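Inspection log for the structure reproduced underneath, given as structure tokens.
Naming follows writing order (A, B and C), and every chain is counted from residue 1.
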Amino acid sequence: MRRILIQLDTDPHPSTFDRVVAVDSDVEQLFSYGGVTCDNVEPLVHGAMFTRGPQDLKSTALFIGGSQVAAGEELLARVSKTFFGPVRCSVMMDSNGSNTTAAAAVLCAAKHLALKGVTAVILGGTGPVGQRAAQLLAQAGAHVRVGSRTADKAYKVCNEILETLGTGELTPIAAGSPAEVHLALEGAQLVIAAGAAGVELMSEGSWAGHRSLKVAIDLNAYPPAGIAGVGTMDKGSEKHGVIRYGAIGVGGLKMKIHKACIRKLFEQNDQILDTTAIYRVGQTLVS
Amino acid sequence: MRRILIQLDTDPHPSTFDRVVAVDSDVEQLFSYGGVTCDNVEPLVHGAMFTRGPQDLKSTALFIGGSQVAAGEELLARVSKTFFGPVRCSVMMDSNGSNTTAAAAVLCAAKHLALKGVTAVILGGTGPVGQRAAQLLAQAGAHVRVGSRTADKAYKVCNEILETLGTGELTPIAAGSPAEVHLALEGAQLVIAAGAAGVELMSEGSWAGHRSLKVAIDLNAYPPAGIAGVGTMDKGSEKHGVIRYGAIGVGGLKMKIHKACIRKLFEQNDQILDTTAIYRVGQTLVS
Amino acid sequence: MRRILIQLDTDPHPSTFDRVVAVDSDVEQLFSYGGVTCDNVEPLVHGAMFTRGPQDLKSTALFIGGSQVAAGEELLARVSKTFFGPVRCSVMMDSNGSNTTAAAAVLCAAKHLALKGVTAVILGGTGPVGQRAAQLLAQAGAHVRVGSRTADKAYKVCNEILETLGTGELTPIAAGSPAEVHLALEGAQLVIAAGAAGVELMSEGSWAGHRSLKVAIDLNAYPPAGIAGVGTMDKGSEKHGVIRYGAIGVGGLKMKIHKACIRKLFEQNDQILDTTAIYRVGQTLVS
């Protein structure tokens, strides 16, 4: 029974990135669809459900991707609702790499810090990667400060995460001005920048002065850096007593998590690999 | 020479169902196209015709599918016209599973009845599956009553089938009201319901009372059943002295026929697997 | 590391021709995209660049095709600009078969003529194949007469080729009327017709009378022939003392060049297989 991955991409052209990774994760047949929406996805899922016998359904899996994370989330909900009883296939959702990136960033931090009880700041905390990193850190028992240009937006995100988790220590913070950012880091051990590409969120002077800070992770791949003084290639090197990771430094682990998740899809037919499940796969890789 | 199947689908997204079946029928490379029409298909066929030498053309085949059966029929005609002389590839047409479903239904009936001389009623006989079942039964020598809500439509379909076959015993009947349906079954040994999904065409009381009836087949996969008292999972079980088949009960054989046809495409380069040819492949499987 | 070819096609449906050839050139995974433009190609190229390590980038390659040659040229320029430093993949451009056809035609001529110093006439010399044949002949040291219905257009094309090559002997000629065509052949050893399909560019009487003429190549695959008296199947046969090649006669070598180029893509990650590079691959096949 050949391993088939059905790529459901919300962009017009299905991502080549996700296709190459699928091939390199031993997928044998890749069916790639672009322009997938909640309105047209049902027959695509039915074709996966109704073609192979129960014992072989684990050899057909679904991958939801595309640059629009909110569209991917909606699609995952729609796909999950299409299944019934044991007639289902495993699904992974990683629109714009959001889940694998957030998981890799948090796991990089966890190499150097015991997350339980740590104080973490997420800059750009209302974007898809920032939200997911905040969720994973809160699940691990960290005190998470979710930063945004306006406290309102941050507050909304904290509430959403709390709804998902049921419990967690999340504090919305305004982190628009240099002074606010400086204040946000007070007493924090970890900062993760997950803002828009090419926007500096924090100056080097701002983080260099914080004695409590142990780890700074910048997920921005395009200059200027989100955290000045953290290079994209940084992978655990120290400056001002702070361990730094850049986008490419995190990228190796992100890619390993992505591949491990694709392989895991084919172990059983009833998995939903979302933020939490993808993080757990990552944990097995670093332990 | 790797076996290439070119899937020409008239829907925007090519069917995942047909793709999984192709993979499970040992196709090695599957080229899937959506949005294929008579206007844009020619270069797709030319690319199949002009890339491999005469002895290797049998390793490239075409599959015409999609939810719109009439569009698939037009496409098959257009594709057939594009070939010339020995420069051609084998083609299978199975839009909406119409040919494989009709073949499987008739073959299920043939397990229990000698079709020659039998009287068969097709409810929903003017839809794609119903028409095809009527044609196959007429070819096998049955007396076929083609039922529709209006006798006019049924009359037109009978004429079309007669034009295709040249000969055959086909009678158009109105089967819109319960009384008409009850009358239609008078003296019949076989009834096949091939109507729209989720529409009851016949009550249980209607068929339970007919002494002549031996086999009832309902191709409707979604509740309510097209023939009340026939379940989708029924596969040869009896009730009121009648052997019953439901959509899933027929589905196993349908799938086997589909796969056998895909494999057969690669035996020679000059086959057209249409309603009759697909039925003949089915006959080799059950005999 | 499986060999992945990413087909970037400027037509809505990616070419089946190029897909079959890719499969027959040992590509293991083929990602086919239609409707690719300069505006949407960047993420497709990024996905190729950022998924595999430096030593494995040679196992991912790009192919630019489609019926519109000018669109393919623009796309090649855009794709080349997307790469940076060593983070790149090899690319082949062969929109409408223009590069492989021109290379094959010139190599067929070279079997019978030393190209250096020869006088060659290109009829339909301003089309994509004609331009490319003119360029290759000029690079090989031939005196090339580029024929068009109007001398203006021919002049423009000669200038473009000179800009590309830096040097070369190219003469624009008007070749619209039979008298102009007859005059154009005066003293020429080679004529290649690369005009629109189904348009006769030269009568048999016109070329039969030229003593200097040694080789006549007609790349038109649909009747009437571009050069009357040259059949599509001609492959080196003589008439009136002239060696003749038709479209199918040239096609075998064209196909070998196409396949050899696809295979060559996977030898290193930094190749651009354009007109000149594709011709060089062809030279290694015929020598």
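One rule holds for everything that comes next: a residue touches a chain if its C-beta (ideal position, glycine included) is under 8 Å from a C-beta of that chain, and two chains touch if they have at least 3 such contacts.
Every value quoted in this text rests on a predicted model; they were computed, and no experiment measured them.
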C-alpha-based rotation, chain B on chain C, 0 to 180 degrees, nearest 5: 120
Shared interface numbering between chain C and chain A [over half = same, under half = different]: different
Geometric centre distance via CA averages, chain C-chain A, whole Å: 46
Touching two or more other chains - residue numbers and ranges from chain C: none
Parts of chain C lying in touch with chain A, wherever the complex brings them together: 1-2, 4, 6, 29, 31, 33, 35-36, 40, 43-48, 50-52, 60
Residue ranges of chain B touching chain A (in the complex, touch as defined): 11-13, 15-21, 23-24, 30, 32, 67, 255
